[in-house]
Structures are given as structure tokens and as C-alpha cells.
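The first chain written gets the first letter, and so on, giving A, B, C and D; residue counts start at 1 in each chain.
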Amino acid sequence: MSLLERDPNAPDAWLGEMPITSRYTAGVAGERFFRAIKDEGKILGSPCDRCGITYVPARQFCERCMDELDETVDVGTVGEVHTFTLLFENLDGTQREEPEVVAFISLGDGGLVHKLDEIHLDDLEIGLLVEAVFKPEAERQGSILDITYFRPVPS
Amino acid sequence: MSERVAIIGVGWAGYRPVTPEVSYKELTYEAAVKAYADAGIDPRRDVDSFVTVAEDFIEGTSIFDEYVPDQLGAVLKPVHTICGDGLHGLATAHMLIRTGQAHLVVVEGHSKASNILTLPEVTAYAQDPILNRPLGLNTDFIAGMEMNRYMYETGATPEECAAVVVKNRRNAMRNPLAPYGADLTVDEVLSGPPLAWPLGRHEVAKHADGAIVMVLASEERARSLSDQPVWILGVGWCNGAPSLESREWGDVPYIRKAAVMAYRQAGISQPHLAIDVIEVDDTYAYKELQHLEAINYCRAGEAGMLTEEGFTAPDGELPVNVSGGSLGMGNLLDASGLARALEIVLQLRGEAGLRQLKEAKVGLAQSWRGAPTTSGAVAIMGS
Amino acid sequence: MTSKTDEFPGTPLREADFSEGKILYRHDEMNGQYAWDTGVGIGSYLAALKTGVILGSHCRTCRKTVVPPRTVCEWCFRPMDSYVPLLDTGTVNTFSLCYVTWDVKRIKEPEIPAVIEIDGASPLHGIMHKLGEVEPDEVQIGMRVQAVWKPEEDREGSITDILYFKPIKEG
Amino acid sequence: MGMRKVAVVGAGMTKFMRRAQETGKELSWQATRMALESCEMTLDDIEAVCLGTAPDAFDSVHLKGEYLSDGAGAWGKPFMRSYVGGGTGVFAPIQGWYHVASGLFDTVLVVCEEKMSSYYPHAQGAFLTIFDHTTERPLKPNLLWIFALEMNRYMQTYGISKEDIARVAVKNKRNAADHPCALLGDADITVEDVLNSELLAWPVNRLDVSPVSDGAVTIVLAAEHVAKRITDKPVWIQGVGWSLDTAYWTNRDLAYPRYVEYAARMAYEMAGIKEPRKQIHIVEPYDPFDYKECHHLEGLLLADRGQAPQLVADGVSLRDGDMPVCPSGGLLGVGNPIAAAGLMKVAEIFWQLRGEAGARQVPGQPKRGLAQAWGDLMQVGTVVIMGTNP
């Protein structure tokens, strides 16, 4: 398309980066949700009366009707594996030898994405009941990582 | 107000795994020149408005919008960016023309995926920063969990998903634009390394560089400029729940709604009877099946079986991704939807070469913006 | 509507709310690394800089010489006709005396960014660079300047192969 | 033929804050809920959603339109995010306009959000990457450079003094003292305060610049037949225009924003405006820096080149002047959560034309107003003209 030619000594690529450094607030609802994990070891949801849905994690608004959700309910710390994957890939795309077990755990009408542990892969199936394992209270920081992982409920 | 809108020119450059000899601007320019020549127009004189689809972190530039006009012939013209897929761009051009304020509108999308050295980490920055990102997971985990739930709910099998890879990469061998043509077997696909079980590494579209430009026109302008306008019969787009915590894992209701919107405009009630050729998003192999079911090509759980039976093959009853799809042509990031639409345009114009289908009068293109999004679009075109 | 509303939503925070742990938050950082293909025009520009030349390109239709060089003229949308080696002298089109870093920390000696119209390019066609070897209060729009290059062996094919532009002493 | 007419029927906004506790989703929801309540509509009444938000770097989320979509009310709806850098806040209503004018939708939400405090330690860092990655970024330019370079060129070309320009900052920060959402309103600020504030990048001092902010604004658009059922005071979108200049910003004269003129001419033509200075009653031009307001008034053809600073000196652009400019308090006073700040200007025109701007209400029952934003590398103009008549 070009009449101009590329200088044979032209460098192929110019290297650079996007330096994105961030600080995120947990938000109005996140504050409630993560304080409950941190201080009480509880998982909170937010019921929307109009839609008949209990969102988990707790949120400030119903995405379906935009009502404000100012109530919270304790939904317990045991949920069902709704789906899961064995992740053989690191964050940077390199292959892992041993997979991480990641699941979506149903709680209320929502749930949490988290890792599973203390589990035999043979036992792993959709519908399995799992419970949250919390860090010791003194080490919790009000983060999703205050839950170390979920594990099968002892039968 | 112009009710009807047509695509009257298309141009492309790429698609290749790498394109080191040209900058993104030069790649786009090549596609633009071809599209304008195809439409028989001069962008400086004739075009009323320009639409680009792009995302900052993909380009490595904040406010990437800045760098759009020069290589499109769009300087000092109405230009804007849609942070969406190429089909969102097409829908935007469609709307602009229907207002009656614009008669010729250009849509552009490009990928320089090869220039992003840390794409998985950039993609992970699309995860919720508070709820999900602290887990430090490669975003493909979402695809693995979706695929697992999709198979659980519909009874689809790993073999059926792998059959999509076999078909699409085989189709790509008959498409000179496609860099990833291959003659594989289902076993070869399934015995590849695991990625996010049940998803295997061979079931994920590899990235490619490329650029696509399309020229859209009002009915009056289309009839005066083009011998073979491709009419936009309907276009729909929709978002689902962005949160992983409130979405459906086995289904894609947003694609379903986008399709309903497009069918309603096109007056189509029985897609399998009305449509001759389909291009759907196949970023991950299972997505082709899930998307076919969502656009009501068949009932939930049937798409895999139909694939295995050859129903979706080029010589099948209703061919899907004759182009090779993203598995065969490469994942062009947000230009992927334009690649799907381009194949429909070429098929409807009878210009698809070796892979030309016999009876191609109405075609459908569908896109998805990739994990972790719940954003997709559908466009239906007719000759 | 605003006249009817007393209370607008929003919860302003003080920086101390973070440092004192009154609210929950987290830090993160993206690893975004890129290798942008330089292509024809900019690749040739960088190669020329390495040899101590500022390269432009010429559009015969518009009778314009532009810098940096590109392969298409953005005004007539015709391919550019030729490369043009420009001079390494020019005129200050505009400048600033910048006393802060990007994150608004103060610096003592100002940086002096400028747009410099390059000799040999069409009027008003310049590049952004910095000025040096000049007192801040002596900088003026219209001032004549010349590029100060890195030693040849240190150049790498980058805009920083020019260290800065310095005033041309008259006479 | 005949184009479908589009009206603004509701608006809502959050406070503009230096740092908000709310997430970006929550800010978007707050503004959106308020806008819906303002016209007694529910989310079910909305057919599509348009989002405007500036660089992903600010909120520090990749694909942030997708991330914000639920807060914007897009669950299960057609949703798109438009983007023209700093011009986005006035572009998003244009996007909403073409959604409705196309005939595809009757009711659309237009939401603009920015949470700049998420880019930490300083939001200006997001601007390091707006320059060309290969030919400019290696010089490590910061955002102030490009404004200072443009301001200097503007002042030099027309012989304008810093005092002339500082009056704009004073006017807007004083106006903002009456805005309940304002971050930097100050009824007592003087020209000396501006001139004596910290020198950042000559000729730019700290009080010449609008503050980094978090916030969100939402408006509701409706087609004519629907608008009249929703409210008896719809405000009509009469004209829209936008234009993007070359990315080679060092290859043109920064003294005049021709892209704003192109955008304005497009909007004037659509609105049938032949004499903008007589036919436009209130103006909300983009004022991230004080000189920018002047620059933009000239590009909008509302002042002769180099003469815009005189409008403040003569009192013309004061709230009770002949052509009030930034009666809201503008970005300089209310704050500058980029895209939200642009849409705040559109909301201000909406409230002013309905006579609902409270303490900020301009006298004389204005009939027509113009909002404008600017963005990119001194490059894009976006213009919306609104009036009480269709």
C-alpha cells in the first residue's frame, strides 16, 4: 500500500509498558461484606424483595430493578459446587504441572469464585457440598483471601 | 430517515500470527484503502462518519481514540470509538445511517495481538478488582468453568466440542486469509495439553494480527454506488450480568436476547429455514455450540450432535464457520466480529473462492467479547 | 430537579481514612508489556535518528513535508511520495517551564518541553522535545534552536538520541 | 423522511469527590437511580443503555465498560460504551441520541462515570500513556506539558495575559459555590488567589486546573411520543456534532481548536442555528483548564479569536450576564471526573432550561443551551445543543 520503503536498519519493535498502579476501595456494599468476613467469619447476601433474589456477595443495588439493597442476610458458609475447573495455567499463561482447583460455590442465589482444597479429584463433582475455611481471625484483612479456600463438608 | 442500510465495501489486511513489517496504523491503512476501492468512494470527500472498535489496554495506549483518524482518511470528521466488538461497531454505523444525518459510515477494527507481550495479565485486569483478581487466576478459568457447567446442563460431550476444532481448522485450509488451517482428528484435539479442564489448549483460538474495514451506506447511496449491496436485515446486541457471582454459568442469555432483537428486525421466526450461512464466535470450541443454541439454530444440547453429524460442515444443511472461525483464522480481539461479518459479506457476494457456498442469500454473524465479559452481538445480512 | 434535591449521593473519603484503616481497600498493579511494531514510516524514522538525521516524508498532492514520516497523507489520503531528510534545526513554536513531575512532585530546575518546528518541514510542522543549555527566563516562542545529539556510539534509534534542543547563538 | 426527535426527560448525579468510597459500579448506580426517579421511571421502562467513561487507566479496570455495565442499568439490555477521550461526557448523549433517532429504541439511559482515585498514587499517571508510544513517550512527557504548551501558544498568538485567563477560574469556582455536588466551589476566590497559587508548568498554576475527581451522572432520553407522556417539560436535543483532528498534534497550530469549530458547525446546521451568539442563551464549554473555556468559546464561534477572555472581563459570561458561561461552576469548580464532568454540563443545561437549577438558575428563562467537551491530544470536539422547543 505504501510507496515508501522500510529502512533495512529499522528496529522491528519498540518496547514499552502501561504502568497501571491501582488502589481500590471495597465500596459501600463491599465494606459490609468484607467486614463480616473479617470480624465475624460470616458470608453476607443482599435480598431484593422486588425480584425475590438474594445476591451473594452483598451488594448495594439490584442489577435487575436498580432498587437499593440495604438489608443483609447471613447465608452461612456452606455451599454447593455449581461448576469447577482444573486450571493448568498460571496468571502469565505458562503451563502448570499441578492444577489449581477453582470453583463457583453457590450461596443464596449467588455465590463465590474460590479455590478448593483438601479434596481428592475423584470426589470432585458438580453438586458437592463445600465449606469455607477462614484464616485465623487475627490474620484477616477484609479480603476475599480471608477465606483460604473451600473444602468438602465432612460427611 | 433511511430504513435500510447496506454494506457496500469491505477491506482487510492480515490475518497472520505476526505482522512485524507494518505498524498498526499501516495495517489499518491497507484494509481501509481496499474497502474504499471496493466501495468506489473517496473517504475525504464521501464519508460522513467513522466508527472504530478498540480498547486502551489492548493497544497499550490510554485514550487510543487519538490515533484513529489519520490512517482512515478521517481527519476533522466525526469519528468515535466504541469499546465493543466489531459487530457493535456495525450496529453503531447502522444506527447513525438510520438517523438520516449520515449516509456513508465507515467501521474499522484491528488486532495487533502479537504486540502485547503480557496479554493474559492484561486480560486479568478485566476481572473484578476486589472479588476476583486477588485470587490471581488466569482468566481462562472462566471458560473452563463455563464449559463444565454447559456440558453438565446440556449433556454435550468433550468429543462434540473437539469436533468443532476439527471442522473449523479444516475449513480454514480452504480460506487463504486463515493462518491456522490444519487437518486434525478429535483424538488429537483431546489429547493435547489441558488448559482449564475440561477445556484443552487445542480448543482455544490462537491470536492473530489483522485489520478489517467496512463501508456502510443508506439505501439511496447503496443503490447508486454498489452492484451488490449486502443489506443489514437486523442487528441486536445485549449484555448479561458482568459479575461472575450473578451470571449464569451454563448459558448465554445475552446472546439469546441479542439474537431475538436481530430476528425481530429481520422478520425471521425460523432461523434454520431462513438462514443459509452462519458465522459464530468460537474463541473456545464449546462456545460455538453454546452460541448456536443461543441463536436458536437448534435446541439446547443439540449443537454438538449436529456438529458430529456434519450438519454444520460446509456441505451440511446449515454451514457454520465456513471461514474457519476464530479457531482457524485467529482471534482478532475486538475485530473478531468483523471477521465473522466479513465472511458473510463474501459468501453473499459469491466471492468466497474455494469455500463459496451454493445458496448463500441470508447470513448471520455473531460475536462475543471474550472472558470475563457477558457482551455479545448478532447481525443478519441479506443479498 | 436539583432545586428539589437536598442530598446528593456519594461518600467522600479523606486520605486518612485509608492510612488509619477506617475503610477496606486493596492495591494492585498491572504487568502490561508491549512490543509495538514500528513498521515502515516510524521504523525508518528511528533508523534515521540513529544516524543523526530527523526524517520527514513528502506528499506531492498537498505539497507538504511532515514529521515524523508516515506512509499515507492524512489530508488527501494518497500514499506519501518520498522521504525527506530534514535539518536538525528549528524554531520554538511553543514551550512550557514545568516544575513538577507527572505525579505532581516539585522539581527545582524546570523541564522545558517545547514544540519545535523543524527546518525543512512545512510551516507549523514540528515535534515535541525538550530544550536545554538555556536559562528558563530566556526561552521565547520563535527562538531558533538546534538538536544536541547523543554521541554516535550511544544512539539506539530513538527520539532520545536527541538529548534536547539548544538555542542557536546569533552571529 | 423527517428525523425522530429526542428529548432529555430526567437527570441525576453524585457528588463530585476527590476520592469516593463507592466503587465505580456503585457510583454509576447512584446517578442512574436518581435519574430514573427524577422522571418516575423504572429500569423496565428503559430499552437500551449507553455508557461514557474515559481511560480504563483511571478506574484501573480493563474493559471497564463491561465492568460498570450493571451499575449503569445494562443487565439484559443492549449496551455500548462510546469513547472519545475527554470529549466522552458530551459524546455519550450523542450516542444516546442516535440510539433513539435511529428508531431502534424509544428510551435510553446515558450514564457517565469516572473513578480517578483508583489510579494510585496519582491519577495523572494515567496520562503518561496518552502520547505516541514510540515517538513521544520515551521523552517521559506529563499531562501538564501539553496543556501548558497549548496555553502558551494561545496567549502568545493573541497577546492574552494570565490575569485575563485567571478570571475564568474565579468565575467558575464562584459559580460552583452554589452547586451542591461541587468539590471546589469558592464564593470568595480572587484573581490574585489564582495567580499566586503554586506554579506547576508555566503558564499553568494550580488554580488554573480542575481537580481530579470521582463521580457519575446519568440522563434519560426518550423519543418524542414517549417524552411527552413522561414529562410536560422535555428538553429537546436540537443538534449534535463531533469532530476528530489528526493525531499529529505537533503538526498544526495549537492556538485555535478547529476541531471544535467543525463540531459546532455540524451541530448548528442540524439545529438550524445561523447566528449562534444570538441564538444560544447558556453555554457550558469544557473547562478542565481556565484557558480552555476561552479557547472553546472561540471554536464554538461564540467569541472572536483571541477575544473570549474579554467576555468575563465585561461580565457577559457571568451567571447574570447576556450569555452565561459555565453557570454550573464547570470542571474548575464542580470537579472533573472526566466523562461524568462532560455529562454534568448536559445535565446543567437540562436543569437550567427547565428552571430547576436552584441557586444557580440563570435569569430570563433561557430557551436554548449548548454543552461542549474536548478531548484527546488537543484533538476532539463534541457539541450538544438543547432547547425547550423540539
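By definition in this document, contacts are C-beta pairs under 8 Å (C-beta built on N, C-alpha and C of every residue); 3 or more make two chains touch, one makes a residue touch a chain.
Only a predicted model underlies this, so the values are computations on that prediction, with no experimental measurement involved.
Chemist: Both subunit A and subunit D are touched by which chains?
Modeler: Common neighbours, subunit A/subunit D: B, C.
Chemist: In terms of C-beta pairs in contact, which of B-C and B-D ranks higher?
Modeler: Higher contact count goes to B-D.
Chemist: If you average the Cα atoms of subunit B and of subunit C to get two centres, how far apart are those centres in Å?
Modeler: 36
Chemist: Report the inter-centroid distance (CA atoms only) between subunit B and subunit D in whole Å.
Modeler: 33
Chemist: Centroid of subunit A to centroid of subunit B, CA atoms only: how many Å?
Modeler: 28
Chemist: Give, as an integer number of Å, the spacing between the C-alpha centres of subunit C and subunit A.
Modeler: 41
Chemist: Return the residues of subunit C touching two or more other chains; collapse runs of consecutive numbers into ranges.
Modeler: Residues 11, 13, 23, 26-28, 30-43, 46, 70-72, 74 of subunit C each touch two or more of the other chains.
Chemist: Considering subunit B alone, which of its residues make contact with at least two other chains?
Modeler: 20-21, 26, 29, 57, 60-62, 69-70, 75, 115, 118, 121-122, 125, 129-130, 134, 241, 243, 246
Chemist: Which positions in subunit A are in touch with at least two other chains?
Modeler: 1-2, 6, 12-14, 16-28, 30-31, 63, 92, 143
Chemist: Viewed as a graph of touching chains, is the assembly arranged as a line, ring, star, complete set, or other?
Modeler: complete
Chemist: Please output the residues of subunit A touching subunit B within their complex, sorted ascending.
Modeler: Per the touch definition, subunit A meets subunit B at residues 1-2, 6, 12-13, 16-18, 20, 22, 24, 26-27, 30, 55-57, 63, 82-93, 95, 99-100, 102-104, 109-115, 126, 143-145.
Chemist: Looking at the complex, which residues from subunit A come into contact with subunit C?
Modeler: Those residues of subunit A that touch subunit C are 1-7, 9-26, 28, 30-31, 34-35, 38, 92, 141-143.
Chemist: For subunit B, which residues count as touching subunit C in their complex?
Modeler: Counting only subunit B, the residues touching subunit C are 19-27, 29, 42-44, 57, 60, 69-71, 73, 75, 112, 114-118, 121-122, 125, 129-130, 133-134.
Chemist: What residues on subunit D touch subunit C, complex-wise?
Modeler: 10-22, 27, 30-31, 34, 38, 60, 62, 120-122, 124-125, 127-128, 131, 133-136, 138-145, 148-150, 152-153, 156, 180-181, 199-204, 214-215, 246, 248, 250-254, 351, 354, 356-361
Chemist: Which positions of subunit C touch subunit D when the two form their complex?
Modeler: Touch list, subunit C to subunit D: 1-6, 8-15, 17, 23, 27-28, 30, 34, 36, 38, 42, 45-46, 66-68, 70, 74, 93-104, 110, 113-115, 124-130, 141, 158-160.
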